[in-house]
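The data blocks that follow each hold one structure.
Both complexes shown next keep chain A, but they swap its partner, so chain B is in the first and chain C is in the second.
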Partner chain A sequence: MAKFTAKPAELLKIDFKTPKTDWMDTPVNIREHMYCHPAKAKDLEVVDFPNIHEWRPVDENWNLPENWKEIVLNGIKERLQKYRSFHVFMDICVRCGACADKCHFYLGTGDPKNMPVLRAELLRSVYRKYFTTGGKIFGKTAGARELTEDVLKELWYYFYQCTECRRCSVFCPYGIDTAEITMMGRELTNLLGLQLGWIAGPVANCYMKGNHLGLEPHTVKSNIEFMIDDIETITGIRVNPTFNRKGAEILFVTPSGDLFGVPGVYTAMGYLMLFHELGLDYTWSTYASEGGNFGFFTSNEMAKRLNYKIYAEAKRLGVKWILGGECGHMWRVLHQYMDTWNGPADFLEVPKSPITGTVFENAKSLKMIHVIEFAADLIKHGKLKLDPSRNDHLKVTFHDSCNIARGMGMFEEPRYVIKNVCNHFYEMPENTIREKTFCCGSGTGLNASENMELRMRGGLPRANAVKYVRDRYGVNTVANICAIDRATLQASMDYWVPGTAVAGIHELIGNALVMKGEKERTQDLRLEPLPGKEGVE
Partner chain B sequence: MKILFPFFAVILLVLLAVVGVKGANLHFLFGVVVPYAAVFTFIIGVIYRVLKWAKSPVPFSIATTCGQQKTLPWIKQNKLENPSSTLHVIGRMALEVLLFRSLFRNIKGELKDSSRLIYGSDKWLWLAGIAFHYSFLIVLLRHIRLFAEPTPSYLHLLETFDGFLQIGAPRLFMTGVILLAAVTFLFLRRLYIPQVRYISLSADYFPLFLIIGIATTGILMRYFLKTDIVGVKELTMGLVSLSPVIPKGVGAIFYVHLFLVSILFAYFPFSKLMHMGGVFLSPTRNLTGNSREYRRINPWNYPVKVHTYEEYEEEFRDKMKMAEIPVEKE
Partner chain C sequence: MSSLQSIRSLNELLLEKKQAILEKWFDSVLETYPHDSAKFLKRQKDQFANPVGSTIYRGMGSLLDLIVNSADADNITKSLDEIIRIRAIQDFTPSHALAFVVDLKRVVREEIKGETCASQLIDELPEFDRRVDGLLLLSFDIYMKCREKIYELKANELRNMTSKLVERANRIFEAKYRNVDLEDIISQGNKTERGE
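Right after this comes the complex of A and B.
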């Protein structure tokens, strides 16, 4: 595969004209840089996924199992019976088009099949053909079509051009959530062994080793030890976290992305500093060392299998409650699925901040809270000594991650924290934040490198809004609370809005936090000189 | 094709009724049998569809949260966009059903000068949608006068409001005109907005043509080709009292109107018009957002294969010990 070299100006020539041919008569064109490589057999074997075989998206023949059609149709049937959402959403769309221009992939590609409504119609047409009387009798006139190999390829291609961000669902008059349909569609591809490498790899890693990156226990620890050294360089204080410690009050679980690579590690340094300063009785776990859940991008069952570790580890260690790190899809899964899958967590207590005494009634069943909720409560109670001027070199905007926004609704806490640790905060335009926020363009396991064009196109609406605040206010930092953002948004910023950095909120907290007995700070968490302190060391 | 087919289908239906009544004298078929069959299909069909949906469970708490969650006491929750109690959900649903809340959010995204994405307010669809549905509802309610003797007094009130623009006699009802205008707008936007045209199916044009046909024949009947309203009422009263009669002198235009309405009713359960029922069952809207506060039970939750801590420690024990990470078995 050739390297992706298209310049931003080329990508911006987006053609929004609809094709001459009807969408059903427009065959799918599987293009380089728009899709991810297939999964490796060994990764699928680890978790016993079915129909593992060799195939390549651009090949004519995908080597499908002989009864593939039966598998798909039975798969649809089973899911119609299991999910009212899927069943209702297959039936009630009026094709009003209100969702059409709400999808970042449509805005970035102009491809009509990336309009949420048409993405859903790709599958709905098959549903009509095999599951509705009208579709059986009237066929194409009723919007029904035969399931062929070409149709399957089209489903595959477009369900892996949806990041399940749910923006479309906010605008649909019936709340039709194309993300829900994409999830079903991806489960179907999964039944046929048509999984992506970039998803299957992390899933296999997470299953066996506890985290997506495949960090083994000693590496989890040594990675954190590197951060401890850096923290000591910056503050003169040596923090000492514990691992797999029984009897700790709190288990801390964060996406493994925070343990490896920048800017994730800066966020993790922020956690370490905050918890140390509070004297929190907490432990990391090397077994439940992943908050995120790439299983969620394959099937409901796989997501549950990976998610199991969190409660299991909390139980084994005998902690009282669980604190979760900054992540997006992780919190959709925790907030809306975990308790149902692997609860009830009756062996835990309702989370209570040992510092402020606040009881988090909003998590009284799940027993897990978001570290930003925890931090906002600390700041509100005046428990942290903060020097926001140490972030004065940053002009900050906040990117709401999709899942936190539309699958949880945490909008005020992160803003409250940012405003307390930074002096310069600017919101992006109203239609691009909060519940209307745009995806980074690389969620749901689409954060590979071979699909860079797709990522840059999908990232355009977000980047464009960042550009707006950069040009207007000189914004140079996009704060967020999502590990996928930290891993992927930088590429999109470098492409569309060069010179803009991406940072987790705990990095900003770490900069501003005045710790007891710290030396005079001359560097921020990136080991770069603080404003006015250049050349001090 | 997608437009012509449903268009001619509706024309054919009109002709069918005209020929049936004028040519073949099938008054009883078009005046009694078809309406009964249509109402029967409608009722059974709608119940069947709703029950079928209801049979599929809602395993997970998947509300689309469109506002601030319930959290710390000093942060104001957005109860209508992120409900945490049944009352909040009722409020959210009422806004959706009565005011099309989500559609009201509509914005239009455009790429300007190949460099800036801008999002402008776009409320036309909402406006036309509201105008169409409410005028449809009022027109429907006004028809109650044909099925009740004496005419209920609230209908007089409704008619006074609706017909306050007194233009000649019979009084001009605004809703009829608004209905026709709104549904024409909805058709034209399907035709002229390229994206909407691209996603439209025959099944999207058919109900629009049908409703245009119904409204047109209705208006024709009321203001232009006067029908014998006494005769019509005799027929409709006969239908509701289950002792059907076919009065003489009711014009063919009435049978056309009635036939199209019957088709709409019969078609309803098999079509996207079922959104009327579906909107109430939509899990992203009718669930509370506080899923950490109360556990949702999935009726088909089943045990899955997991990788236990013991298996993990078995594999990594030596490495863990070397790194001084506590283990269960030494």
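Right after this comes the complex of A and C.
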């Protein structure tokens, strides 16, 4: 018989008060369901990440290399010299607290170390100790602390509880971007081989096969052919995209999530239908088969390396410009980094819509535009025949993806498109949309399933706003233009706002688009009956 | 009949002191969060800027109303669910997550203490406690459902990632074997295995 050892006094203890301790004196408590599994050695080897070793986050001993401290401190030093912004962000925070309650992870966890100011302070305190005179002399009183294994664990734990969404930076009077501090923090963890499997796997796949999912050329093609069959079932029209076609005018690059999972594939069907209807001279590539870039969640160098293929493929195929699918982080990487990393792409032309003649001056140097800009321009010029009533079964709200909205300021195009293809559109509250949008809670490679609790906590602020429009207006669909949203928001909705679906905007376009010669539609892109067509086969 | 009447008098007191009870009860749940965060969870009233604090506060308020009005289990479940759904995925053990329910007994007793009619009200407490116990039992069910949901989400995500693949495999299989009797295939396979 099991021995019952608890003392009566302990049994009666139902006082769960949390003790008051200063953050520096509160040791990190690494909990399951809050982190992603470590990377597999083989995935790290593929791209030559250093210090590959076996370790588990909950273990006492992380099997760190002997000189781990030196590696980290040198890593900080190098980055302080290389990135001026990092150096400035380490110095200028006045701890005003304006950012403190703006992070979705803080709001969902209530853990002070998820306050952006404190997240940064975790690293800043180490910086002070080793790189500032005040910190060296006054130590703790100057907010400085030794870099110990426990501190390292804490850095790791909390930099992988930040989705680099930059919401905090909107509220900082100094424009301090905690996302950039997280990026630096993550780079440091990479130097010690402390990478996540969910990031390292896609990185290795992307390096070897061209996309995160590791789809080989024939699989990319056959997945799209499968969508073509479904489109034919729905519309009676057989669309015929081309692959790796030299001399096409446009190269189309989208996140590989659109080729595989639900509801991403419905978005991809929307692209296929739209481009077919326009008679667009475009090609898919089975090599540059990934617009996203999980390398961005490891290091600047890795992101650059994985990005290289896009311009290279455009050059090989001899296209004039590049069109990008619905994605968030992909768009931030392409829009803000590709040109300086792997450009200038002088061999390309400034994107010009062959249908409307619009020249996208905003992409003068980049030579690539987002498909939602392209679609909005088409609608603005009246080039699409649309029947929004086919989306009447959907009451739609729009989730601004952090990277596109806050990162790039693209607010109007998606809304304009939705309003033209749907009759029922409702905005979420003002302090949860546009530049103040809340992250889905699963970005930056945190979209694994083993960290589902973290994702649910981080997803709560967004879901809470969706719940509001559901209760008020009966909203049943969250539209977005991001592959990670399409892959991850569904789980958050199922937990917090059951009965709410997630859809890419091109799925909604595909439903509404009246195609030349199509049969009478009875099904939407999910092969579900259209409103009023229930029971019609 | 007489017991119902006496309950009403405790109810009256609960109604009258609802705000004070709610604040105390809410404070006690806030104490389970780190000190710095408790202040924020209490202070920030905007429901979108503070989903955890505002949802719990709202949920507790409606629970108090429902208890007083002896509402049915469905309505009570709805309000409890809002609170527990949050606490079930935060850093709490199950007992820690649900302790707030039992704590209502303490809060109400403290409020009664100073009342002139306290002794009469104390007679009614067993009935009140019974209702709180009922809440606690409902809470177990809700908590378990939330936890089960987390596991279900993991499975669903995998399914969403592969459902199209499975569907396609099925279609290919169907197209290939549409006019073939499966029995034939199996018996053919068996023959091959046996080397016939």
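Here is the rule we go by: the second predicted complex is superposed on the first by the 518 of 537 C-alpha atoms of A that agree within 3 Å, B and C clash if a C-alpha of one lies under 4 Å from a C-alpha of the other, contacts with A are read in each partner's own complex, and residues count from 1 in each chain.
Just so we're on the same page, a residue touches a chain if its C-beta (ideal position, glycine included) is under 8 Å from a C-beta of that chain, and two chains touch if they have at least 3 such contacts.
A quick note: this is a predicted structure, and the numbers were derived from the prediction, not measured.
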Q) Just from the overlay, do chain B and chain C fit on chain A, or is there a clash? A) clash
Q.
On the A-aligned overlay, A:V265 touches which partner chain: chain B = first, chain C = second, or both, or neither?
A. second
Q: Figure out whether A:F243 sits in contact with chain B (first) or chain C (second), or with both, or with neither.
A: first
**Q.** Contacts of A:S449 with chain B and chain C, given as first, second, both or neither
**A.** second
(Q) Quick one: is A:P65 in contact with chain B, with chain C, with both, or with neither? Answer first, second, both or neither. (A) neither
Q.
Between chain B and chain C, whom does A:G197 touch in the aligned arrangement: first, second, both, or neither?
A. neither
(Q) Touch test for A:P429: chain B only (first), chain C only (second), both, or neither? (A) both
Q: Applying the touch criterion given at the start, work out whether A:G139 contacts chain B, chain C, both or neither, answering first, second, both or neither.
A: neither
Q. Of the two partner chains, chain B (first) and chain C (second), which one does A:P112 touch, if any: first, second, both, or neither?
A. both
Q.
Contacts for A:L460 in the overlay, against chain B (first) and chain C (second): which applies, first, second, both or neither?
A. both
Q. Following superposition on the C-alpha atoms of chain A, which segment of chain B from the set 44-52, 98-106, 116-124 or 242-250 overlaps chain C?
A. 116-124
Q) Do chain B and chain C touch any of the same residues on chain A, and if so, which? A) 14, 16-19, 100-101, 107, 112, 429, 431-432, 460-461, 464-465, 468
Q) Touching chain A in the complex: which residues of chain B? A) 2, 5, 49, 52-72, 74-76, 78, 81-82, 96, 100, 102-103, 105-111, 114-117, 119, 125, 129, 193-204, 270-272, 274-275, 278-279, 281-285, 289-298, 300-301, 304-309, 312-313, 315-316, 319-320, 322-323, 325-327
(Q) With touch defined as at the start, can you tell me which chain A residues reach chain C in the complex? (A) 14, 16-20, 29, 31, 33, 100-101, 106-112, 223, 226, 229, 260-263, 265, 429, 431-432, 449-450, 452-453, 456-457, 460-461, 464-465, 468, 487-488, 490-491, 494-496
Q) Where on chain C is chain A touching in the complex? A) 31-38, 40-41, 44, 46-52, 55, 85-86, 89-92, 95-96, 99, 102-103, 146, 149-150, 152-154, 156-158, 160-165, 168, 171
Q | Of all residues in chain A, those that touch chain B in their complex | A | 9, 12-14, 16-19, 22-23, 48, 80-89, 91-98, 100-102, 107, 112, 115, 117-118, 121, 132-134, 141-143, 166, 169-177, 180, 207-210, 216-218, 221-222, 243-246, 286-287, 301, 304-305, 308-309, 312-313, 316, 334-337, 339-341, 343-344, 358, 360-366, 368, 373, 376-377, 380, 405-413, 416, 429, 431-432, 435-436, 460-461, 464-465, 468
